[in-house]
Amino acid sequence: MLTLRRNRKNETGNSASLSGKDTDSETKRRGASQWAVAWRRFKKHKSGLFGLGMIVVLLIVAIFNTVIAPYPARPAPDALKPLYDGEAAQAPSWKHPFGTTRMGLDVFSEIVHGSVYTIYVAVAATLITTVLTVAVGITAGYFGRYIDELLMRITEIFLVFPSLLLILVFARIFQLGNAEPFYSFLGINIPIGLTMIILIVSIFAWAGNARVVRGEVLRLKETEFIQAEKSLGASSWWIMLKHVFPNVLPQIIVLATLSMASAVLVEAAVSFLGFGDPNTYTWGRLMEESYSDMSTTWWSEVFPGLAVFLTVLAFNLFGDGIADALNPRLRE
Amino acid sequence: MNLLEISNLKTHFFTEAGVVKAVDDVSFNVEKGCTLGLVGESGSGKSVTAQSVLRIVPKPGRIVDGKILFDGEDLVQKKDGEMQRYRGKRISLIFQDPTSSLNPLFTIGNQLSDIVIQHDKVKKDAAIETVIKTLKLTRLPDPEEAIRRYPHQFSGGMKQRICIARALLLNPQLLFADEPTTSLDVTIQAQIISLLKDLQKDIGMTLVMITHDMGVVAEMCKCVVVLYAGHVMEIGPIETIFEAPHPYTAALLKAVPRLDQTRKLISIPGNIPNLITPPTGCRFHPRCEYAVALCKEKKPPLEDVGGDHFISCHRWRELRRGA
Amino acid sequence: MGFVKYIIRRGIYMIPLIIGISIVSFLVMYAAGDPIQIATAGNPGITEAQRDFLRHYYGLDTPIPAQYVRWLTHFLQGDFGQSLYGGRPVNEIISFYLFETLKLQLISIFLAFFISIPAGIYSALKQRSAADYTISGISIAGVSLPVFWFGIVLIIVLSYHMGLLPSAGAYGSPKLWPVFGISDPTLDALAHLVMPVTVLTLASLAYNVRLLRAGMLEVLRQDYVMAARASGISERKVLYKYSLKNAITPLITLLGLSIGASLAGAPLTETVFSWPGLGRAYVNAVSKLDFPLIMGTTMIVAIMILVANIITDLSYAWIDPRIHID
C-alpha cells in the first residue's frame, strides 16, 4: 500500500488509476455497499477469520453449557461428583479432559460454565464503554472549544491513572455491601456483584477510545461535506446523527471489539486477585481458587488461564481483522 | 555522447488489486550536458522512471525488466551497496514538494552535511562548508544562519532552494527534477526555473526535467520525451516536437495557457487509464480524436521520422501531411 | 526562559488536580463505611469502648471535612499517616517496598523499550514478510496474554518442574543461594529477577512493538525518507536516524507513562511472584481496606504520573522543533 498512498499525495491523478478506488469516498457517507466491501475484505483476512471462529466456538459453548459440560455448575451438589467418586485432584484424562481440582471439581465443566460469565462481561462492559466513548468523543470533537477542553482534561485523568489500582479499591468497597447475590430478570439470574465489577471496569475503560473518536470527529468536521451541511444551516444534532455518527461508526466498532478483549482480561485479573464477585465462578475466580494448588494440581490453574488467553486473543484478532476491513485508511 | 540510456524499462507495482504497469517498456537516451524534458500527465510514469534510475522505487513496486546504462554501466544489475554510492553523488533527484521531502526534525545543516559525510567520508566541519557553499549557489540568503534552522522556518520557495542544494551538494553528473515547481506560487516558480536554468548552464550538468507543463519544457529543454500511461509516445528535439507533434503531445500543447494568444484552452477529454488493465494497442486511443480501428488492435512502434524525431503513432504520416 | 515558565505553569496546574484526586479518593473510602469497624470486624472480643479509643487515636472521630484538612496538612508536610494494621507510618512502608518495585519495573520498562525498537522497525520494513508476521503474531499474543497466567505457567514449568529458578520473592536465604552450583547473593538476586522481568517485559514489549510498527509504516512512506535514500544515505542511518525520530513519539509517551506509573508496581506480577514490592503491598492494603496506606500510595502514584506527563511533553518539544512550549 506504500506507493498508493505516496502517489496520491504527489500526483493526484495517480490514486484513481493505480488503486481504482476513490479515496474521498471513505469520508463520504457509507452506503450499504461499503459494508459489503468491508465484509469481502474481512473474508480474506485469515487471522481475523480465525478470531471470529474462536468467538463462535465460545458462543456455542456458552449457549449450550449445560449440554456440553459433563457436570453441572455450582451450587448444584453434583458439581462435586468427582469428589464422591474419589476422583479429586486427578490429572487430565479422557473422563476429565482438563483434570479435577483438589476440591473435586471437573475443570472442564467449570470452564464451560464460566464461559457464560465471560460473554456477559465482554458484552455488557463493551456496551457501557461504547456508550461513554461515543458520548464523550463525539461531544468533545464536535463542539470543540471549552467543552472539548474540559472533557479532554477529564479523559486525561482517566487515561493516565493506573486504572487497576482504583478498580481494585472500588471492587473491594462494593464487596462490603452484602446485597442479594442475584437479580432475577425474565427468569435469568443476573449476578449483581459481577455486574458491579463490569460497571467499574467500564468506567475506567472509555478514556482512550474517546480520544480516538474525538480525533476522528475533528478530522471529519473539516471535510467539505460537513462544512457544506453546516453552511446550509443544518442543526448540530442533525449533522451529528446523520453524518458524523455513521462516519465514525467503523472506528467505534473496531474499538468496541478491542474493548471486549480488555474487559475480559481486566475482569479475570480482578477476580484472580480476589476482588471479584464471590457468587460467580468466572475463569479468574477459578484461578484464584486453585492458586495455592499450582505446585500440585497445575491443570486446575493453567486451563482456566488458557481459556482467558484464547478468548482475549480471539477478540483481538477479530478486532484487528475488522479494523483492516473497515478502515483501509488506517490499513498497515 | 549519451550519459543515460534506458532501454525497455519495465517497473511494475504488485498491489493487492493487481499488477500496476506504471512504466511499461520505456526506452530513451539522455545526452550528456543536455536538458531533457520528461513530459506527461499525472500517472504517466515519469516519476517512477526517475525512481527506477535511482533504484528507489517504493514497495510494492520493482523493476521487472530492462536496462539502465549510466556512463556505460547497467544500474539495474548493481548491488544495493554499489547503488547507494551513485545516489546523491552521481545522480540526484529534486522532489516535487520541498515541504514533505525535508525531514522536519533535523536542521538543514544536519540533513545536508550527512550526505557529504556519507559519500566523501569527510569531517563534519568540511561537510558543513560544502553545504554552505552549495546553499550560496542556490542563492539562499544567509546560508551560515540557515544551516542552524529547521525546515518549517523557511518558506516554500526557500525550501525548494535548499532541496536543490541538497541535490547539487556533490556535483552530480545527472540531475532529475521531479516537477520542482508544482507546489510553489507562480512567482516563485519562475525564480526556481531560472535558477535551475542558470545552474545547468554554469555547472554543465545533465538535467532531466520531469513536468506536465509544456511552457517549462519550451523554456528549458533541448529535447523531449513524452510519456503516456507508461509508454513512450514521442521523442525528439524541442523544435520538431512543437512543429509536428504526436496527437497526444498536440493535445498537451493545446492545454497550455498563453498570453499572446486568445484561443480557448482545450483540456484533453477523458482520464488517464487504469494501469492494471491498460487499453490495448495504442494506450492513448480511447482519448485520441484521430483514433482508428488499428490503434485499438496494435501497439504502434516508435518510428524514426527523421531529424532525431521518433513517434509512436500509426497515423503520423497522414497527420503530418494534414498539418 | 520559556522553559522554566512552562514548568512552573504546569506545576501550578497540577495542584487543583492533585487536590481533586485526593478529595475523590477520600470520599470514596469513607463511603465504604467506618474503617475501624472494618478493621476490627475479625476480632469478636473487642469492645465498643476500645473501638472508640481507636477512632480517637486515628483521628476518625471528627467530621469528615476536618479529617480531610488534617490529612491534607500532614500530607503537605510529607506525612502520610499510619497504617490501620500495626500502626506503622505509611512513609516507612512505602520506602520499604520502593526499591524492589523500582528495580523490577525500570529493568523491564527499559528492556521492553530497547528491544521493541529493532523489532518494530524490522517488522515495518519487511511488511508482509514471514518475519513481520511472526513479530506481529507474537505481539498480538503478548497483548492478549494475561500476565498473571503467564507468570504462573513460568513458575510451574521453570520452578516446579525443572527446578531452574526460584518461584517467589526477590532474594533467597543463603541455603537457597546456589544457582547452577554457584553460591552467590548477586547471582541469587538475578535469578529471582528473571521470571518477573520476563513477564513484565513481554507485556509491555507487545504494546511497544505494535505502536512502533504502525508509526514506522507511516513514516517510511514519507517523502523525506525517500529523499534521504535518494541522497545515498545508508539504510541504517535512514532507519535509525531519520525515520525513528519521527516515529518514536508514541513510544516516548508510553515510556513516560510507564515510568510514571512504575511506582504503582505491577500488582499482578508482584502477587504471582510474591515480590516484596509496592504493587503487592497495595493489593494487600486494598483487601484489608487499610485506608491511610491506600491513600498514600494513590497520591504518590498520581503525583509521579503527573510529573512524568510534564517530562513527556517537554521531550516532545525536544524531539520536534515545530512544537513550542509556552
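Note that the chains take the letters A, B and C in the order they are written out, and that residue 1 is the start of every chain.
Rule of thumb we're sticking to: contacts are C-beta pairs under 8 Å (C-beta built on N, C-alpha and C of every residue); 3 or more make two chains touch, one makes a residue touch a chain.
Note that the structure is a prediction, hence the values are computed from the model and not measured.
Two chain pairs, B-C and A-C, are compared here, and A-C has more C-beta pairs in contact (counted per touch definition above). Ranking all chains by how far their C-alpha centres lie from the centre of chain C, first place goes to B. We define each chain's centre as the mean of its Cα atoms; on that basis chain B and chain C are separated by 54 Å.
Once the centre of each chain is set as its mean CA position, chain A and chain C turn out to be 24 Å apart. Multi-chain contact residues, meaning those touching two or more other chains, occur in chain A at positions 2, 6, 9-10. The residues of chain C that reach two or more other chains are 127, 221, 223, 226, listed in rising order.
Among the residues of chain B, those in touch with two or more other chains are 58-59, 97, 100. Residues of chain B that touch chain C in their complex: 51, 54, 56, 58-59, 80, 84-89, 92-93, 95, 97, 100-106, 111, 114-115, 118-119, 150, 152, 163, 166-167, 169.
Within the complex formed with chain A, the residues of chain C that make contact are 17, 21, 25, 28-29, 31-33, 38, 127, 137, 140-141, 143-146, 148-149, 152-153, 155-156, 160, 213-214, 217, 220-221, 223, 226, 257, 260-261, 264, 267-268, 271, 282-283, 286-287, 289, 294, 297-298, 301-302, 305-306, 309. Those residues of chain C that touch chain B in the complex are listed here as 127, 221-224, 226-235, 237, 241-242, 245-246, 319-322. Contact residues of chain A toward chain C in the complex are 2, 5-6, 9-10, 47, 157, 160-162, 164-166, 168-170, 172-173, 176, 261, 265, 268-269, 272-275, 287, 291, 294-295, 298, 301-302, 305-306, 308-309, 312-313, 315-317, 320, 332.
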